[in-house]
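Here the chain labels run A, B, C and D in written order, and each chain numbers its own residues starting at 1.
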Amino acid sequence: MTVSLLARVEGEGALRVRITDGQVERAELNIYEPPRFFEAFLRGRGYAEAPDITARICGICPVAYQTSACNAIEQACGITLDQPLTVLRRLLYCGEWISSHTLHIYLLHAPDFLGYPDAIALAHDHRDIVERGLALKKAGNAILELIGGRAIHPVNVRVGGFYRAPTRSELAPLAEQLTAALAYAQDTVRWVATFEFPDVELDHVLMAAHHEDQYAIEDGDISCTNGVAFSPAEFPQHVVEQHVPHSTALHARLDGRKYLTGPLARYTLNSTQLSPLARRSAQEAGLGPTCRNPFRSIVVRAVETVYAVEEALRIIKNYQRPDRPSVPVPSRSGIGHGLSEAPRGLLYHRYELDADGLIRSASIVPPTSQNQAAIEDDLREVVAANLALDDPDLTTLCERTIRNYDPCISCAAHFLDLTLERQ
Amino acid sequence: MSTPTLAVWKFASCDGCQLTLLDCEDELLSLAGQVRIAHFLEASSAVQPGPYDVSLVEGSITTSGDAERIRHIRAESGKLVTIGACATAGGIQALRNFGDVAEYASIVYASPQYIDTLATSTPISAHVPVDFELRGCPIDRRQLLEVLTAFLVGRKPDIPDTSVCTECKRRGLTCVMVADGTPCLGPVTHAGCGALCPAQSRGCYGCFGPMSGANIPALLPQLRSCGMREDDINRIFATFNVAAFSDEAEKDQG
Amino acid sequence: MDSPTALLDRAGLDRLIEVLRADGYTVIGPTVRDNAIVLAELDSGAGLPAGWGVRTGPGQYRLYRRDDAAVFAHSAGPQSWKNVLHPARRRLWSSDSPDEYEPAPKYALLGVRGCDLAAIGTLAGVLGAGAHPDGAFRRTHSQLFVVAANCTEPGEVCFCTSMGTGPAAGPGYDLGLTERIDEAGHRFVVDIASDAGARIMARISHNDASSEDIAQARAQVAAAAGRMGRSMPEVDLRALLRDNRESPHWQDVADRCLTCGNCTMVCPTCFCTTTEDVTDLTGDHAERWQRWASCFELDFSYVHGGNVRQSGASRYRQWMTHKLSTWYDQFGSSGCVGCGRCIAWCPVGIDITAEAAALAAGSGADDAHR
Amino acid sequence: MSTESAAAAVESEPMVPRPYRVAHRVVETHDSVTLHLTPLSTPLPRFRPGQFMMVYAHGIGEAAISISGDPSTQDNLVIHTIRAVGAVTAALHDTRPGAVIGLRGPYGTSWDIESAARHDLVVVAGGVGLAPLRSVVLGVLAARECYGRVTLIVGARTPAEFLYRGELDSWAARSDLDVELTIDQPAAGWDGPVGFVTEPLHRLHFDGGRTIAFLCGPEPMMRFSAQLLVDKGLAPTDIWLSLERNMKCGIALCGHCQLGPLLVCRDGPVVDYRVAPLLRIKEL
């Protein structure tokens, strides 16, 4: 059985499952994305170019790329951001969380639960719901546009901070929009909580960024559900990527094991750091302090959206225009590691710079390639448990399984090969 | 008149340009009322067979399979509009056109023998005739709506092929090159973004590619006097629209 | 110059703004934003660029701190009054309400220099005086209140003396200020040139200007005439450009010109526009908009089959010839007022006075270069 | 001041189109139609031959289109002949009777047929250039006795591309009008002359000083024809041609139509041949 073009995922990929004599022989997530060679292009570029270049790996989570790149390069150059600049970065990132989560919830994922092919069909019957989703998404984009200049590949992010910091009065109108959005976000949690969720529990190791003082978004160390914790600089020692022949995708392994990053991991590891309102929303939606059911990731995303809207409101309320828009970044040779929590999971960057500030080598580990092994694992289990279903139903189920993870194939593409034999 | 159909296609790209369509929050549902979205994998699992009245194509051609696929799409499409720097100019991945692909593959892949890819990343127009090319990395939302509306009503899209400076001044911004000494590619870059970068006190880095007839050599001395080194200058032109800027610079030489 | 005079102190200027606002005027004047002195709505005199000066040059503009608190001691910035009177984008018509028009705003322009006052007159000659005048321009123009500022601080790129438009502001204002700062304090000699001006002044406490203050103010302005950063060659510019349509010098400029259109956008008299006819997605609701266009845009001269002016040389020639020569044929005056904006705000510093000098020198020799 | 009445204000909003209904549509050639338009509100002022309107297709845009009607009639009918070359002209071409389009005008200078009375006339048209000259011919025929010899030379690429074919035939049948039709290249079924309009111009005799020429067509055609007429003794001031430049407003506000010192919409489109030096300069 082959599902030859996956819909409602970012990027284009295919799923192939081979069943021989009632046994699942292979379950593969093939990604059609042709390689774009970002790590190669980055060699010899100035460090200042990395945020803009890596943003182009993914149009869905450019801020994540920009932020992880900045974090890594700032570490390599030995600078730390002024506190207000870190906060502004977090605000920008909240915009991406709101917008990307809402995109996934309303336009990509919810139609699965409600039996529609897409949000437009959903809007036919429930226009108000889709309009609410679009308004919420728009509020996220409004943050991105105001601070970043535009929602996709913002232009205002630089290593060391920003090109221009908005004034307090420029930010003020956002508050109004976000106040309305907060209500929409809470309604969204209530809405998705009514969906029917198959009973599934994952036993993978979950890995997420963790920050002492706040729900980790724009920076942090790493912690895992098996108790392992490490700093971004130790990431390469723990996470190893293999180029596996059966799918030609690079699969990342944590200390030799399959693992999962993303909303479930964040929630399970950090849910106590959510705001009281977000926690209450989660509770009302039937979530405990942890969540291992991938179908419920839609609820976790909705809860995180509540948090991101609230967080954005809090930051705007306390905002004072920073004294300077960026910290000067002297170039020096060195290696830096940076990470942040992209909407889909942990995004790690590593750069080696020479004394002139040129990039000697770069490596990027996006969430989708970290999760791929686990996704395929799940697929195999789902198929094995549902062999009785006929092909169309099984296909739908597999697609849904994949969409639970909101895999971003564009992100993964620079690791993947198009010319897989298909038959 | 039957409802026109719209299809959205993807080649090597970041998805940002097609996401722009979903970012039209205010217009999305009314657009869906005007056209039947017949093929848009990022947004829908309902796929209807062609032909399509308008096809939006994102991404560049980097594999032989894709070169074949775009021909089919062309055959199925009334109007074919390319969206973004990848589809219109080959995108950042066109840097490979100037380097060694085998070496690139070995940098990214542990087992490069699995990788089969064309040595070039080329725009859609290098393979099939294109009805309209929308610039930008990513495209601008208002421009996308303008092109869609224009094609729906049969109007010529109002997408001026002029400099970013004209937008910068119409917006009432202060020139960052003149007033701050910040290098800016606005004078040679195709308008469309609304002068986003100067609005953030930043010089334009050319993500919309060159305007027609851009006089790139004339800008170079100014970039130097704003403190750019020769290799900085080479790199800034060799990013998201590398192939288009190098074509335009060649025209200036010739 | 025989209009009544008065003397205002700095607080009096703030009061002037208050009174104008109280009269329903939107007061537009200079203020500092993004490293430049721009024109924007002033809520009060506190927004004025007190103590800021500018240094300009070809392709150069830098703010600096002066050692006094002068508010008008700066030459032209990136904007002109055109931005107010002939906005960059404006709706002309909507199919939903075809007979409605937006009421014209009542503007008071504060700190209009001689060159710019002349430019307003030039614009009025184009947009307001033809057989089919632009209604919105006319309505706005007809209810302007103009507070001119005689120039005592010409910049490096100024050449109003050559064009006969400054440094003293010509007629067409309601109040004319000359800023004076010395031991006796910060004050403004005011020429009251209209009844409207007199009515406003009557509501502001002010002193009589002493004959010495008046004489010194005049002398200061007259002295500024000798301190212009630039001048046009002393030839008949209209004939010079008319006779040089096929000069090889145009190619020389074209090699340096970016054709970016900045000069036309900053020029206080460049009036060209393009019409956009747009609809919403349904196609039912149609609107007509107008936006600034530039003769440097390739499709500016498009006729079915191609653009008339393809080369950079022909586009630069069109611009400069229009400013200095064909404007007389079309509208009976020069299109250039000598404000120097196109020189300062050209990213590569092309200098209309130097290009004119090169043409005048005959061969279009290299002395046009900086 | 804001006491202006709304009507007066709209009067001074010269960019607002006035609605007209398509009363009648005649297909002229494969890409050209003639539209007869009647006003839905206050009619626009009367026109003179050679003047143009800015014609608006709803939501698509405006194009400058010459008026092709009969200047001697007193009705409010406006007649345009439109060749579909781009978006606006295609939309106008495709309108059906009953449709509403917008008009502004009439604008620009005209062919002064009154002052041309008592002269011989030579009217030279190429392609759609015949559209405005139709008004000249109709105006002259309405007062035929006031003019001397009248010659009409019309060129088209192919026999199928002549506008007003029926009318041309009836004119050709008249004894008081010399009509010369020519096509660019030989074509089946065509036994008339082949070649550019300059051929008959070359062949025919004109009295310099007694003859006034009205020309409209592609710019090179007009230049060659005018030069030929100058060579035959006509003064440049007796040769009138109609220029074409990009027009956005039609009323000397937008600046697009400049040709050196001229604003073609206001100082033209009809100008005399003293414009020759300007036409010779490349990319002016």
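Convention: a contact is a pair of C-beta atoms (placed from the backbone, for glycine too) under 8 Å apart; a residue touches a chain by one contact, two chains touch by 3 or more.
Owing to the predicted nature of the structure, the values given are computational and were not obtained by experimental measurement.
Note on interfaces B-D and C-D: more C-beta pairs are in contact across C-D. Annotation: 42 Å between the Cα-based centres of chain B and chain D. A separation of 40 Å divides the Cα centre of chain C from that of chain D. Chain A and chain C have Cα centroids separated by 51 Å. Taking the mean of the C-alpha atoms as each chain's centre, chain A and chain D sit 64 Å apart. Those residues of chain D in touch with two or more other chains are numbered 59-61, 86.
Those residues of chain A in touch with two or more other chains do not exist in this structure. Multi-chain contact residues of chain C (touching two or more other chains) are listed as 274, 277-279, 283, 310.
Contact annotation for chain pairs lists A-B, B-C, B-D, C-D, with touch applied as defined. If you check the complex, the residues on chain A that touch chain B are 5-12, 33-41, 43, 45-46, 49, 52-53, 56-60, 62, 103, 107-108, 111, 117-121, 123, 127, 130-131, 134-135, 137-138, 141, 149-153, 155-156, 158, 162-164, 241-243, 245, 248, 250, 325, 399, 410, 413-415, 417-419.
Note for the complex: chain C touches chain B at residues 33-36, 38, 59-63, 77-79, 83, 88-89, 254-262, 265-266, 274, 276-283, 291-292, 294, 296-299, 310, 312, 344-345, 347-348. Only residues 92-93, 95, 98-101, 103-104, 126-127, 130-136, 138-139, 142-143, 242, 245-246, 271-275, 277-279, 283, 286, 288, 290, 293, 295, 300-304, 308-311, 313-314, 318, 321-322, 325-326, 329-330 of chain C touch chain D when the two sit together in their complex. The touching residues of chain B, when paired with chain A in their complex, are 10-20, 22-23, 25-26, 28-29, 32, 37, 40-47, 62-63, 65-66, 91-93, 95-96, 99, 101, 103-105, 107-111, 114-117, 137-138, 140, 193, 196-197, 199-202, 205, 207, 232, 235, 239-240. Residues of chain B that touch chain D in their complex: 153-156.
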